[in-house]
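What follows is a pair of complexes built around subunit A, which joins subunit B in one and subunit C in the other.
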Partner chain A sequence: MRTVLKSNYAIEVINLSFKYEGTEEYALNNVNLRIKEGEYVVITGPSGSGKSTLCRTLNGLIPHFYRGHMEGDIRIFGISTRAKRTHELARLVGMVFQESENQLFLSSVEREIAFGLENLGLPRDYIRKRVKWALRNFKLEGLKDKAPYELSGGQQQKVAIASVMAMSPRILVLDEPTSNLDPLSAFEIIALIHQVNKAMGVTVILVEHRLELALKYATRLILMKEGRVITDGDPREVITSKEARSLGIGIPKVVEVYKRLKEEGIELPRIPLSSEELALGVRGCLATYGSSYRG
Partner chain B sequence: MAVAIEVNDLYFYYERGKYVLKGINLTVRDGEMVAIMGNNGAGKTTLIKHFNGLLKPIRGSVKVKGRDTKGLSVAELARTVGLVFQNPDHQLFAETVEEELAFALRNFGYPEDIVKRRVEWALTLMDLRKYRHRSPLSLSGGERKRVAIASVLCYDPEIIIFDEPTIGQDYYQKQKIAQLLRMLSRQGKTVIVVTHDVEFVAENFERVIVMADGKIVADGNVREVLTDPEVISKSNLLPPQVTHCAWLLKDVGISPKLIKVSELVKEITRLFHEHKGI
Partner chain C sequence: MSIRVFEGFKFKPKGTYFYKLDPRVKMSFLIVYSILTLYFSTVVPLSILFLFSVVIVVSNRVAKEWGRTLRAVALLSLVIFSFNLLFGAKGNKLNYASSMTLRFLTLTSFFSIFFLTTTPEELSEALLLIGIPYEYTFMFMMAMRFIPTLARDFQTIIDAQRSRGLELEKGNFVQRARKLLPLLIPLIVLEIRRSVLIAEALEARGFGTSAKRSTLKEYRLSKVDLYLLFLTITFATSLILSSKLPPYSEIMNYRLPELVP
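Now for the complex of A and B:
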């Protein structure tokens, strides 16, 4: 039961500017983006650069819920968010925020997951099936009768993602979903997002400061500053760009190691985005180094 | 050096019988900078609430500058121990940022000219001058956090405790917080920081205490503790990225005890030169 989609792009942001009511400065300043279905996009940049505002435009919270002045357009699979209402967009675009506490409010995890589906007015049988699927897929069966406030931050965030994914959105937008989590929980959430992207083909837009975790699976990295997109492209190129350095984002340590090795005359075949990739690169290099020398 | 905080066999529960702290022993000396790590629910926040008298031991004792906290109120300890809460909203209540910063100083009875000077100093230090007339509630989470830090720095306590100061901060603000901690430490303050941020600890601290399930599982030099696989897995932490790489490359001759970028670069370079020499 898929809607017929009008565009090859999951998301098109066209000359988008937005100013919140009562403020002087534009939170977004002529942003242009085209994102294909299945991409895994990480967005980063200093606080106040417009990342959260951009997220809010993707499911229509802006302009339908937040007041302000919007120019330009956003199309989700070819359909303008100006024309679509937020609850219709909810089926296409799922949102997860930093504090899932504020998102979860029902008496049990199971009820929580059912809530969004009920709101969409779907048949009961279908809802039951989707809840079951979400509980199983996100390994929440053991917690289904617990109240969200009884859960750890990491579990709450898992429930938030499961509730959104139960509605089978085609796009998942996450605004700093790991910032309140301990490292292992953050790692698990990132792995979960990867699973959603890889196994279910869902387009992922992930806003994060912790790049050492978030970049691992990214297919694209966007840097924002003062409401503008300043670089957009392959994560390996963007993370080593002049712009990334001057913006002062947290460059992952493995990328720093790569750059310093290059200065020492050791060039790894590929810019690493994780510990595993760096280790693999060093290993491979040592092997060819050794054999070519001996040979 | 004299002892700032001494904890002896501390037990604590909120609900009878469900111990959150189970026999904590530790000593922090004057001027030390210490990180406390551990996963959610390990007891970190409960522990530091004992340092400013918000909580009192059910068993054992906590001494601050030699005085047992049992007989002291939060107000009496406040001049010595400043605590910056994890959630700034638990601490902020004044109408403007400026008022917020002046509040404790006035409460302690400082003359107005000193109040003014201190407030200016803290506003500048925490990058808050432009927000001085704003309501703290109108600021972003990261900015509110900086207001909470500034309001504690203002009254110049000897011991300053930060609960998760880097949460919600971007890279630039994080670097600034690191600088601030080092500056406080250079001024001879005792600085205790609860954090999840393993990279932040690896870069900025020498001593780390790791907690798990209400107990201390490691207390020592950052390098020794954060490169110990047993400690890391017991406490549900992740090693620093550099350490993780070093572990993955242990079999080709990289030391597994690395925590800094420069160390890993040096080790890999050494390895390549040795290879060349075969």
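Now for the complex of A and C:
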């Protein structure tokens, strides 16, 4: 039972402001966003800038689960979240959280993946099919009968993603999914998210501090500060903007190298977002310089 | 105080036959053998029951975990034994004390088998199958699930306070317990915050729909279930019959000799 989709945009956030009950300040302040289906959006910003709050508005946790005062509107494929509860939106918007401890409830990976589908009351045959799909696609077949707490942190986040993806959402929202992980596991999770975006065509909204990992795949970067979106656009432009510098976010090393080379008079054709891109750019430059020396 | 005690609540599947049984069968197994253990009051049938439980433990490769539980109650059973030996009912005190202790150990053994091989979900699904509403069985399951988490959080708070100089080892039991009391406040704050995050994650996984919940697992009695049910019933009946009918009844009702004062 798919809802009929009425919009070109996967997500439309219109003049959105939100204040949690019992607080004085707005956690979100007149936010406007339009995100197309298939985009890979990375959101970053200092602590308390409203990233998690924005995520919660995307699947209806705000205003239905968290009380407070909300102005403006959010539409998911044209459907206003005011009219739909979180569980009704679960098949459109999946959400993965930072701590795996708080989002894995059952005693085997297989049951964990089935849990969301069971809650929706879907037929057993369908659940079985989806569980099989998720186990295969996320390479969890070998861990099917393991208890989630027997797994490593990286594997746990993988299970969390698989459990959400089993419900076949069109949008996947991840709120700092790698911040409790070691660098290697973080790398694997980011690669997995890329696979979800590329191979399954799912729109990804990723809140992340480790830009050197996440930006490689992003189609768009959003900076937030004090509940506002301060920059929003192409990752290469945003990451070299003065706002990015003033925010003190972790600008990837490769971008710093790029800037330094530019100061030295060597301009790479494109701002690199990964070491591969940097190497490629440098090689290109060397070839040009090499021929001019010889010339 | 160590959080190791709560490790027992973590379910670690071994894949042996007892794990695969229908939770209803396991529950009937537990009930039948608990009743039998309470029904007999002599050493021989209780020993048979205890040995029977050991066979199940060993054949399901849970001897290590089971041993931990039995070691935990070892002191208690010693107390039961001495108490009954000294102040027990009049008559044959040694026989009485031995059978009481054996009964306690056997009951512990059967309960331990049940909880070692049954996931909280299975238990809650078994309760669901006998008509208890999902809200309650789910609450029970979540409580089981978060006991180790709670214990770990408490340990974290204790360690944090200890590093600031709180001395928990000093003083007698009451003094030590009194020192733990103020640590409950940060624990409660922490767990309230955690519970909001859990509730949020549950909501995001579609929990709370009005739709009737479906289940991936289908509970149908398999051949192994039927074998075990059959075995349970025959074994129980033959134990009872043999305690009634001579010549077996003589051995079954054998009493240990009186202690010479």
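Definition applied: the second predicted complex is superposed on the first by the 290 of 295 C-alpha atoms of A that agree within 3 Å, B and C clash if a C-alpha of one lies under 4 Å from a C-alpha of the other, contacts with A are read in each partner's own complex, and residues count from 1 in each chain.
By our rule, a residue touches a chain if its C-beta (ideal position, glycine included) is under 8 Å from a C-beta of that chain, and two chains touch if they have at least 3 such contacts.
Quick caveat: nothing in here was measured; it's all calculated off a predicted structure.
In the superposed model, A:S275 lies in contact with subunit B only, and not with subunit C.
When the two complexes are overlaid on their common chain A, residue A:R124 makes contact with subunit C while staying clear of subunit B. Residue contacts after overlaying the shared chain place A:A90 against subunit C, while subunit B stays out of touching range.
Touch criterion met: A:E256 reaches subunit B, while subunit C stays clear of it. By the touch criterion defined above, A:K132 lies against neither subunit B nor subunit C after alignment on the C-alpha atoms of chain A. Applying the stated contact rule after C-alpha superposition, one finds that A:G116 touches subunit C and leaves subunit B untouched. Residue contacts after overlaying the shared chain place A:S47 against subunit B, while subunit C stays out of touching range. When the two structures are aligned on the shared chain, A:S185 is found in touch with subunit B, with no touch to subunit C. For subunit A in complex with subunit C, the touching residues are 56, 59, 61, 65, 85-88, 90-91, 94-95, 97, 99, 101-103, 105-108, 110-111, 114-124, 127-128, 131, 145-147, 149-150, 163-164, 167. Residues 39-41, 140, 142-143, 167-175, 196, 198-199, 236-238, 240-242, 244-245, 248-249, 252, 261-262, 264-265, 268-269, 271-272, 275-276, 278 of subunit B are the ones touching subunit A in the complex. Per the touch definition, subunit C reaches subunit A in the complex via residues 10-13, 15, 119-121, 141-142, 145, 148-149, 194, 197-209, 211-218.
Chain contact summary for the complex, subunit A toward subunit B: residues 45-48, 98, 152-154, 176, 179-185, 187, 209, 212, 248-250, 252-254, 256-257, 260-261, 264, 266, 275-276, 278-279, 282-283, 285-286, 289-290, 293-294.
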